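One structure follows; several queries about it will come next.
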Amino acid sequence: MSNLPPYAGPAERTWYYTYRLICAAIFVFLIAPIIVMVPLSFNAEPYFTFRPEMLALNPDAFSMRWYQDIIDNRQWLFSMKNSFIIGIAATLLATTLGTLAALGLSRPDMPYKGVIMGILISPMIVPLIITAAGLFFFYSRFGLSQTFVGIIMAHTALGTPFVVITVTATLSGFDTSLIRASAGLGASQTRTFFKVIMPLISPGVISGGLFAFVTSFDEVVVVLFLSGFEQRTIPRQMWAGIREQISPTILAVATILVCISIALLTVVELLRRRSERLRGISPG
Amino acid sequence: MKTFKPLSVALVGLFAVGFASSASAEAITVVSWGGAYTKSQINAYHKPWEAKTGNKVNSEDYNGGLAEVRAQVEAGNVTWDAVDVELSDAIRGCDEGILEPLPLDELPAGADGSKAADDFIGGTLTECAVGEIVWSTVFAFDKTKMKKTPTSIKDLFDTKNFPGKRGLRKTPRVNLEWALMADGVATADVYKVLSTPEGVNRAFAKLDTIKGEVIWWEAGAQPPQMLADGEVVISSAYNGRLFNAIMVEKKPFDIVWDGQVWDIDLWVVPKGSKNFKTTWDFIKFSTDTQRLADQAKFISYGPVRKSSFPKVQKKMQPHMPTAPVNFKNPLQNDYEFWADNGDELTERFNAWLAG
Amino acid sequence: MAVVSDGAGMLRTADGVPLKQALARATRVNKIKAFLLVAPLLVFILITFIVPILDMMTRSVSSPEVVDALPKTIAELVKWDGTDLPPEAAFAAMAAEMSDKKNKFYLGKAAARLNFQKSGFRSLFNKSQRKIKRVKQGPFKDAFAKIDKRWAQSATWNIIRNASGRYTDVHYLNAIDMNRDPAGEIAAQPKIKRIYVTLFERTIYVSFGVTILCLILAYPISYLLATLPLKTSNLLMILVLLPFWTSLLVRTTAWIVLLQANGVLNDLFVFFGIVNDENRIRMIYNMTGSLIAMTHILMPFMVLPLYSVMKTISPTYMRAARSLGANPFTAFVRVYMPQTVPGIGAGSILVFILAIGYYITPALVGGQSGQLISNLIEYHMKKSLNWGLAAALGGLLLIGILVLYWLYNRIVGIDKMKFG
């Protein structure tokens, strides 16, 4: 329905524009909440409403005070550092383990593929509250609750399904004759892996890694159960903030997070295009 | 992917730095209820103690309950050192053996020389807990939104004369007591009536009359916020939080003291705390005459030491729950009743909420 | 691998191994290699994820508290026929075990466990422990009766006996609003205490509602995205992906900002005179809030599979239908929509699975009517400390999800799952 065919009658014409309007409304529903927060995070007053001065674009109505608040508040910077430590460690682990597993799963000889795939994907399917409760008991027993190691392990488990899925998807378009060609030309297995396989699947690996990172960076339920004071992350800090009092500081943090998401999204999009180009499917 | 190498090296570096700095100096973790209350403790207890001993206090927030304590104790990995709990939890935790018994005779004597055991108000020292403050659940309203002025607990349940949304804590505690008091039960008889099935039914029936108008809160910082946002026009709240909103943030709220339900908060130490000696030192320090009186500077909760009363600032005295003008129709929270019936009544309360 | 044929017609490799055997070995080696690649992750997931969850599930059936605290008493109670009062030996054992100082920790746990069964056990145990210590000799039956008259009732002892097994079904019974009466028969909970069945039902309704809403909203835009030229659709796709990549808490906060009584939306309504200032609409801290926010958060999970299926449908089918005389509506419903069913199935099951276990959003914007089963699990985990019941509720939820997961795998295949 991209273009109205020339033979369309008046009813079809009306429907065509109504339909576009409906779609526009749905897109607004998707994006509006995220957009609305951004200007409010620059509000000079501690409220969540647009005041007339703001709408008149009076510069006095805007301020950076809530951003200043983040910088001044030890707690936020501290939780940001923790989020990055946990996120990066979990991502590195998840990406390594997940990529290896995906390589194995894509081999034609892989035994019990269905069952194993089911187990590997399960962290994504099991409700977080159940995961969190289970890990809470089990990790406590081994002294892993309220430690970085415990949370990193938990987040690694939650992130691996994304890596497995994206890398497996990339490998499904992988031409295995390239490996034989490489071997035929005398390359060792390691050399083949790094020189032939890796460059081809790296877009999948990186986007899987980014998913794993976002999963960890955004995760709050497991952190609520497992983290102590020292491991407080941004989402944990936001959770406390939303429950207690929603000051525009939360909106400022949220805006920063949205910017991070946009950056990540751009990376993934670029990678996707690169992957398609490499695989010869031109996106046009 | 050559370009990624420097990045990953940098990331590993950051990771290493993060770990190194997270395992730093010796410190105790003190857990309390957050917001204005924790702030008052930081000012009155933590900072002077840190200055005196050179130790560090990590302050953490929670929403009450013994779940974390019990999990830590059962797992043998206790990371909390001192926890600020309500009396019923202090009793329950002690009974279950998940709290350290405390050597109460080591508590310092009062500033006036009276022995600690005599200085603390009756019931504020128990086998495993040392009291800090007397606090009270009261209700408050927004003066700008109320046409008439509520004066008694009955008015909280009167939606005809006092229309608008109400904020109540999402727990049967206090709410059931208030429902009975509003239904005409004398304050002294509340727990007697509540011990009978008919009394419980009566309380729930009374709550039913306002159910549709209630917004339930969980964290102590919420009700002042909800009043300020206009989500509710009248709400139950802890008196100290309201004091903070009215006196510090200059919000147009007023407190109704009629039917206040008072309780105490106490320090407990989870069994197996790795820093017991330091923690006990902190508790002894924070509950001495001066510190308890100091805390009353920052929040309007009453000290549990008699010797602290005279040291409380004059201007704070009318805001204390125990001030004679406020203490006309008080009810003390019956911890024995709640330790026994809490599970069942909460279950019924949850079912009532969901229904 | 050079292959030679020997006289008997059997194919052999150059070093004389029969080819069949060599191939079998090669396959086996390949299988092992493939498995070794997967093994690290498999072991990791089993240890850090699957075992902890199974371990928690054992809590839903285990109940060692009472027998740990009162082993000798239980041994006596088992011999008792359940009518009238237990023999004096049981009372004596109870007195001994209650007086044992080292037993205090276990007695506390047992009292907590029994108190979930019947209110009052906590104080009954405490009181009795304090007083029975002073009783040096029997008959203990009378001593206990003097401490509290409940010890002279067979119901009290029956409750202890019923809770004495190391394994129990009582948590699962409680999770479906049932219980055992003192005689040990299964009976429905009194009406005022029933909650979990209602909440399971509500969770299913809400998840279903969210799935339908997601489908209704996602279908038109997926169709638009699939039929627009790639350049435009890639641009619009960002509008779908940005929410997908944005923190869950950020999006929930955003809805609080928009929907609360003094929020942006209500301000707009008042500004345009749709409602007056007194009667601002309540859109948050209730079911509406949960529904709106969850639909928004889960919608990308519907758009992405729908889009990828629609992308593969050739526009020629529609044109053929039109040229055969179908009007646009009929052509769409009879020709296009049936081809999108796999996408609808994939998206719906995925959204439903995610919705049914949702915790954060209902907790923050659900108020009292928008709470789901996950919120109750959290309550029993963190507040009431009834971990057995929490595990049983989680177990039931998990079973439901695994069935759906299995269905998803059958219909769509997990390996078909894609993001972005």
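Here the chain labels run A, B and C in written order, and each chain numbers its own residues starting at 1.
Simple rule for what comes next: a contact is a pair of C-beta atoms (placed from the backbone, for glycine too) under 8 Å apart; a residue touches a chain by one contact, two chains touch by 3 or more.
Values in this document were obtained by computation on a predicted structure and should not be read as measured data.
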item: Geometric centre: closest chain by C-alpha means; value: C
item: B-C against A-B, pair bridged by the larger set of C-beta contacts; value: B-C
item: Identity of the chain that, by mean CA position, is farthest from subunit C; value: B
item: Cα-centroid distance, subunit A relative to subunit C, in whole angstrom; value: 23
item: Distance from the mean Cα position of subunit C to that of subunit B, given in whole angstrom; value: 32
item: Centroid spacing, where centroids are CA-atom means, of subunit A and subunit B in whole angstrom; value: 38
item: Set of subunit A residues in contact with two or more other chains; value: 136-137, 243, 246
item: Per-residue multi-chain contacts in subunit C, two or more chains; value: 260, 262, 381
item: Contact footprint of subunit C on subunit B as seen in their complex; value: 65-68, 70, 92, 95-98, 170, 204, 214-216, 229-231, 336, 339-341, 343-348, 350-355
item: Residue ranges of subunit A in contact with subunit B within the complex; value: 81-82, 84-85, 88-89, 92, 136-137, 140-141, 143, 145-146, 148, 198-199, 202, 228-230, 240, 243-246
item: Of subunit C, residues touching subunit A in the complex; value: 27, 30-31, 33-42, 44-46, 48-53, 55-56, 59, 217, 220-221, 223-224, 227-231, 234, 236, 238-243, 245-258, 260, 262-264, 267, 296, 299, 328, 353, 356-360, 364, 374, 377-378, 381, 387, 390-391, 394, 397-398, 401, 405, 409, 414-415, 417-420
item: Contact set on subunit B toward subunit A in their complex; value: 1, 8, 11, 14-15, 18-19, 22, 29, 34-35, 58-61, 71-72, 74-77, 79, 218-219, 221-222, 225
item: Of subunit C, residues touching subunit B in the complex; value: 104-105, 108-109, 111-112, 115-116, 119-123, 125-126, 192-195, 198-199, 202, 260-262, 285, 367-368, 371, 376, 379, 381-386
